[in-house]
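Once you scroll down, you'll see the structures, which are given as structure tokens.
Two complexes come next, and they have one chain in common, subunit A, joined by subunit B in the first and subunit C in the second.
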Partner chain A sequence: MPLDTSTYSLALLRLDGRRWNELRRLHAQISVQAAASGSSYLEMGNTKILCTVSGPSEARRGAGGGGAGSSEGNLEVDVSFAGFSGVERRKRRQDKRTTDLSHTLTSSLTPLLHLHLYPHSTITLTLSILSQDGSLLAACINSATLALIDAGVPMTDYLTAVTCASSPSTSDEEAGDPLLDVNSAEEQELPFLTLGTVGREGRVGVCVMESRVRGEGVEGMVAVGIEGCARVREIVDGVVRGYGKRFA
Partner chain B sequence: MAPSQHVQVNLSPAELSYLRSSLAQSPPIRLDHTKGPKDFRSMRAEYDVLPGANGSARIALDDGLEALVGVKAEVEKSQRSPRVDEQEHRLTVAAGDMDMQDADDDDTKAKGQNAWVEMSVEIPGFRDEDALPVFLASMLTESLLASGGLKDRLYINRRFHWKLYIDILLLSPALSYPLALLSMTTHLALLTSRLPALKSEKDEDPLFDDDWDASVPLYPKSKGKTKGTQAMDRPPVIVLAMAVDQNIIFDPCKEELAVADAVLAVACTDSTSSPSGAQVIAIRTIDPPSHLTPLGVPNAMNSATGGVVPASTADAITQRELLASSDVWTPPRGGMKRALVGQIVKAVVEKGGVAEEVIQALQSIDVG
Partner chain C sequence: MPRETEISVNERAFIQQALQENLRLDGRAFDAFRPLELTFGDEYGVADVQLGKTRVIARISVDVAVPPPERKFDGIFQIIAEFSPMASPAFEVGRPSDAEMVLSRILEKAIRRSNALDTESLCIIAGLKCFALRADVHIIDHDGGLVDASCIAVMAALQHFRRPDVVVEGEKATILSVREREPIPLSILHQPLCVSFSYFEDGEIFLIDANLSEEQVRNAEIIVTMNKHGEVCQIAKYGGATVDPLALLNCTNVALQKVKEMSKIIQGKLEADAKKRDAGGLMAELSAENER
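Then we have the complex of A and B:
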């Protein structure tokens, strides 16, 4: 389905009426589920994710190495797409995309968590994707961060993520204009990358790009992405603080 | 079905015995002593939570059990039915001596197929083909299809029909037997589901009104329209009841299930044929997890407390039989008195009974 983003150069407004550096509505809640050690619910536009953490608990037997017998805890990530999450109903189980998502989450979160405090144990993250509309990995990272904080797993700092696309340039010689926080329509049309940063100073913790883009464009995208991550961090931080105030 | 390990609770024989005897009292004292035998766990419910589904609902119970249901409908090409000629014949007759409205009614009757509704249950920690999700899905589907009204409404024309996908997600681990919760969430999701209004006529390729405000509810509200032909206009709801001795307890929690003599799942819907009460669609017995509880060792058989350990297993069985009525915990062997089944069904369907209360409560969420 070809989608016309060429109108962007005329009014500098995107299909959903946002400007280049605007985030979609980001709404998050923590402690949404009483049964889990920690849980979060995150909406980035129409992308909705529920994340629950169970553990740290004794490593499951037969889980194959991992936490059992090691001096460090072990993070397991389980991503599942609900059948009704997309535009068309689709049942999916463990395909390449889910494995990719869970691997990226595991490898980006593991260095942040103080897993050496939990030897011989496993922390299981379960992410249910309830509705998808672009920026899936970014939303997963943000909700995982929130859920881990809610569970009280010690970690160095927030890991927050956004996506950033590169639109065809308005002036000829430039490499392309960066767009912040893409939805699924833009995701199909434009090259984009997912960027996650750690902490206030914005160290890059995750950078994933699956599409082709001209080399000159990347710098702009990363710069806008880091800026966006800082804003997401503020929102996420606000959610955590707001929750803390309820007990103050 | 076989009780799964996840539903298992870690209570000692002494604790089980204590719990059972308090539940068998008259009136029973439940684990949460503020609740009477017919009280449900408190819950929070909301509907229309998902933007991309035709209908959706989420219910969270007090103890952390939480379910989300999304209903999605897609247009699908029908297989050519072998009864086309017969139907056509009937149509011309109907058009001949009845008015058009009746003919249309006739047209959509008994044309639905069970395969048009597909249900899947996802429970964390279970695979799709595990016994528990499969069993839950089949139990929910069978009660949903029993009335036939739903699948007939999915008929568009002779070439097309709606295919209804009902995806049930248990968002929390299966703490207690989740059947009743899943059924209530499905009920709410179906009740609030809407299908786009059809604009094309007869056997044309279906064309729908793109105005969502014009969409029609999957379960039409029966205000003023009381036709005898449309018997069911609300999805069924399944109520879980368990028996302990002579007492009947509704909506048991997992610890209570661990001492149940028998567990019944009663699917019912409100009947429009009679002015009050509900009507039973299906009843199933569920194998309670109490069968797998460890049995207690009475003092008389325990050498540590001055008893004598029975010499052979046959001897041990005989001694246990004699102890059956004592307070020492022995797992119930199943079976349920017919009178007790009758009492449960009566409590469910009577006017102002449990089923009516549940359906009314879910209905009022929809309204309010």
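Then we have the complex of A and C:
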């Protein structure tokens, strides 16, 4: 269904009334499940994700990659969509998108964790997507980071992610304005990328773009994305510190 | 489960030290592809790509099928990439590895989702019949750079392929054989090509088209897909060590230059092949004279 995003150039306001560099409401909690080693609940606008960490536990025999007998622990990621998460109710098997999502999460989080401290063991991340409204990968990364911190797995720094789109350009010469944190309506209409940065210096850990865009547009999207990641980092950091204060 | 033989500690250190001295083991510059060899088969739609020791064959085949009800006006286009144990002992049939998943996803995003092929032109009768195009990617030999080689192979094969002509009368469609009517080329909207960058030394050094041993030593990989018009079709950096954002942007600039060079080579090869096939027009074909 084509959607009219062309009104952006008139009022410089997006469909949901945000300006180009505004994030949606980001609400996060940690330690939401007492039974899990670590857990988090994260809302980025209407995208809602529940993430739990279990382990480190003894590696299953014959598990792929590291597993039993390896000197480093390994990270397993399991992503599941709730039947009611999308607009259409759909039976979701393990499709390509889910495996892609879990592969991206595994490979982006593994280098941050000090897995050499957990030989012969597995840390399992389970993400349940309760509601999807764009920026799914970014929300998954943020909630996974929070849950891993809650579980007390040693890691080098926060990995925080946002999405960034490129608005339709008004002229052929210039690329359109970059837009921060897209919702699903914008995601369907505009080219966008997901950017994840590690630490304060804003070094890029993850960058995934799946749609076609003019080469000049990428620069703006990355620049805005890095700034957005820094803001998400502050929020996430605030959540962790707020939780820590309860014990002070 | 067979596993890739891990590179030895000595070899790892050797490659890293050489890179710090601005040297690659095969003597290439950091931003140079291995020599690209592209040959076409006797049939239309078979492309054989050799990138150094890596060898990939792509084959396009076509069939008539019923289009899915939600996409009545489109044809079907599938890319199937499977690793066979022929390429490397580490590959196993029936258990897709991560590398295999990454390859098929990237080809899917680079070629299918960027609309390189106009699938609407594959429609015969809306909702009833369409051409189902299938691109099979066979990895014959694995020495790194599979994504780049596979992408070149699929794009070259698509441009080389000719589909049979079809005549539609009402609800009846007749496919004309190659003898009856000259087969027609597919409508290709743009030509995306992948360039993979491998990072070393925390993003200080980056290499284009790493071979297998360099792939085993690298910190991280970024795969950029662009076309020669300067459009970025896909970027994939799934993880690994972090890189500076400016280096990331620099990748797109370098990729554009490389993609332009590659497109030119592919175009040249396609033209040479077309010239070889061209018997000299209709008059030459109808002529009864032959050389003695």
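Everything below uses one rule, namely that the second predicted complex is superposed on the first by the 242 of 248 C-alpha atoms of A that agree within 3 Å, B and C clash if a C-alpha of one lies under 4 Å from a C-alpha of the other, contacts with A are read in each partner's own complex, and residues count from 1 in each chain.
Note that a contact is a pair of C-beta atoms (placed from the backbone, for glycine too) under 8 Å apart; a residue touches a chain by one contact, two chains touch by 3 or more.
Source: prediction; values computed, not measured.
Visitor: Determine, for the superposed arrangement built on subunit A, whether subunit B and subunit C clash or fit.
Guide: Aligned on subunit A, subunit B and subunit C fit with no clash.
Visitor: For A:126, select first, second, both or neither according to whether it touches subunit B, subunit C, the two together, or no partner.
Guide: First partner only.
Visitor: Angle at subunit A, subunit B to subunit C, CA centres, as a multiple of 10°?
Guide: The three centres form an angle at subunit A of 110 degrees.
Visitor: Which chain makes contact with more of the residues of subunit A, subunit B or else subunit C?
Guide: Between subunit B and subunit C, C touches the greater number of residues in subunit A.
Visitor: Let me test your reading of the model: by the given contact rule, A:34 touches which partner, first (subunit B), second (subunit C), both or neither?
Guide: first
Visitor: Does subunit B (first) or subunit C (second) touch A:52, or do both, or does neither?
Guide: First partner only.
Visitor: Counting only touches as set out at the top, which of subunit B and subunit C does A:82 meet: first, second, both, neither?
Guide: first
Visitor: Using only C-alpha atoms, work out how near subunit B sits to subunit C after the chain A superposition, in angstrom.
Guide: 17
Visitor: Hey, what residues of subunit A end up touching subunit B and subunit C alike?
Guide: none
Visitor: Mind listing the subunit C positions that touch subunit A in their complex?
Guide: Per the touch definition, subunit C meets subunit A at residues 1, 98, 101-102, 104-105, 108-109, 113-115, 203, 222, 226, 230-245, 248-249, 252, 256.
Visitor: In the complex of these two chains, what residues of subunit A are touching subunit B?
Guide: 33-36, 46, 48, 50, 52, 54, 78, 80, 82-89, 91, 93, 126, 128, 130-131
Visitor: Give every residue of subunit A touching subunit C within the complex, in rising order.
Guide: My answer: residues 62, 64, 96, 99-100, 103-104, 106-111, 193, 197-199, 202-219, 222-223, 226.
Visitor: Would you pull the subunit B residues touching subunit A in the complex into a rising list?
Guide: Residue positions touching the partner: 50-53, 56, 60, 62-66, 68, 70-72, 74, 120, 122, 124, 128, 165, 167, 169, 171-173, 175.
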